[in-house]
């Protein structure tokens, strides 16, 4: 099994309006260091898992609508608790959608919200 | 599949009294950068894998009895070779025990003993 | 010359309301990985630059009022452009004030806002 | 399941002579930060997955013939597109061969070619 | 004193044709993780040391002519030993030239050639 | 001004037998990620600050007598509080001594004792 991973980042504001989150109920923010990983049992004729140039473009296109935004104000997040886990899954869904028919293998998305905390969503193989 | 990972560290002395370990038979020490990762197929109603505040508390409670200790002198390690692999499993066991009835999913513990060596224990899914 | 450095982090929302900042005029957010460094020509009788336990406490006390906040709403930042440089200086000022009469040497504060961008304020020696 | 991971690096030149790779068709180079990871369901009588000293020796022996080389000129790579994925698999194959009869478990090799891109090959469990 | 630092990278081939360099006399390659740091005693009216967007653009423009190149073939390096120190100074000179009349303060350039080796050039204050 | 930096590590036990250090009075241990940095206003005829191969050898020779040791038992540390600051200065002194007549410029030594704490000693320029 092969995989390739690329990194980018996105800076957002959001709140987590549920008493469960204590002080993180406040409007605050995060830099999410975003790692997207693509898995494949085989390499293609160019000896790659996937075209990294295309991946880089798609990753930045995916992060662009979130970049410098307040997630609380974006329609797709209305009424959602935008935890790091949830945002990882959201970014995964966007990348999966953009790669429909192009890449059907396993994908994982990891968001590092600090030097001591990360959340990941990964699809089944 | 989701996962969340948190990081802490612990500084211990120990020896590995078996000729197999060469100079590491001596009493020496290590900083273990300790990453604990929790896996779940679904998110709970708060859109999280597990309460990170609770995890952070449990991780520190788990490391506390090892912090600034000589593992050779702790009763639970008497007659044990406290390799990095073994200590990773020990920390896993402690966290698993503390979370009994609260979190039953896969957990992994990685100890980084330097910038060039790591050991991990992870439970079955 | 000696120095010691400790790391913590803080997660905030803010906006940079000046056309100069382009999309960062929007309300967004950041995780600031915060490194505080203390410099001294000599060590004290305990062979340290400064009591690290005290430093750790002061660093967290300094970040606490910013943690999970929207800087735009805090009175001390009203009408200020809270760039990373500015926030580094603000954190420096808070730490300097808390250490008045305790530590008079050079201090620097570095904020890492992502894996590819940092800002620092450091006092004269 | 346990694993242990060790890190080394290798600095090579190569070209990727296929229009697919755009500017990377040119002769250029890379530092590959090379992580090799060994997996085992159990620890041996020394409480380790594998003898780390031996692994370190084998990893350096594996990288030695590539170190400071132009991959384009090495017979084993003639006519091959030496992508990061391909080189990860090549290093895996070399380590697997050297450990024949000594370690039969899962092995993975990750090459970090920059702070924002990685490729991995891992064997089945 | 303030500073801001940004990171990018460049992947090149080169050789160091002097017996002093032992095996690095061969044509080989490197990824240089490139950190450029700008220093200023004061912030401008936007509370920044320098326009980071401009810096990012200039850093990429500076690295572009080296990206995916064999330094041995570039006219500006003919007859030069392109050590990491030398390339750091070269990149510094390019950035300094591009910023002539725009930024006159201290600049430093650090190239990380692996996880265990770095070289820096920094101008006088 | 140029500098080059190289990294290695050393794993030791020690205690800090003074009530000032609280729980660190116990015999415990640390991995010190050890960065040694050499500064020079000019490059030599090989376009380097210093022969990195020699530096690497000297760094490992310096760490060797500490590697896998209990600092409390080494004669050079009898009656000393082996804080991270102190050990950084000790390693500096050893390297300075070994380079007498070979390199007379500024040298700094940084020990990282965890992902959140570092100490440095640096000589005057």
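Lettered A, B, C, D, E and F in written order, each chain numbered from 1.
Methods note: a residue touches a chain if its C-beta (ideal position, glycine included) is under 8 Å from a C-beta of that chain, and two chains touch if they have at least 3 such contacts.
All of these numbers come straight from a predicted model, not from anything done at the bench.
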Exercise. Average the CA atoms of each chain to get its centre, and name the chain whose centre is farthest from that of chain B.
Key: E
Exercise. Among A-D, B-F or A-C, find the interface that matches B-D: by residue number, over half of the contact pairs should be common to both.
Key: A-D
Quiz item: Which integer distance in Å separates the CA centroid of chain D from that of chain E?
Solution: 28
Exercise. Could you grab the centroid distance between chain B and chain E? Build each centroid from C-alpha atoms only and quote it in angstrom.
Key: 40
Self-check item: Per-residue multi-chain contacts in chain B, two or more chains
Solution: 7, 115-116
Quiz item: In their complex, what parts of chain D are in touch with chain A?
Solution: 18, 20-22, 80-86, 88-89, 115-124
Quiz prompt | Complex interface listing, chain D residues touching chain E | solution = 7, 9, 11-14, 23-24, 26-31, 33, 67-70, 73, 113-116
Quiz prompt | Residues of chain F that touch chain E when the two form their complex | solution = 1-8, 43, 46-49, 51-53
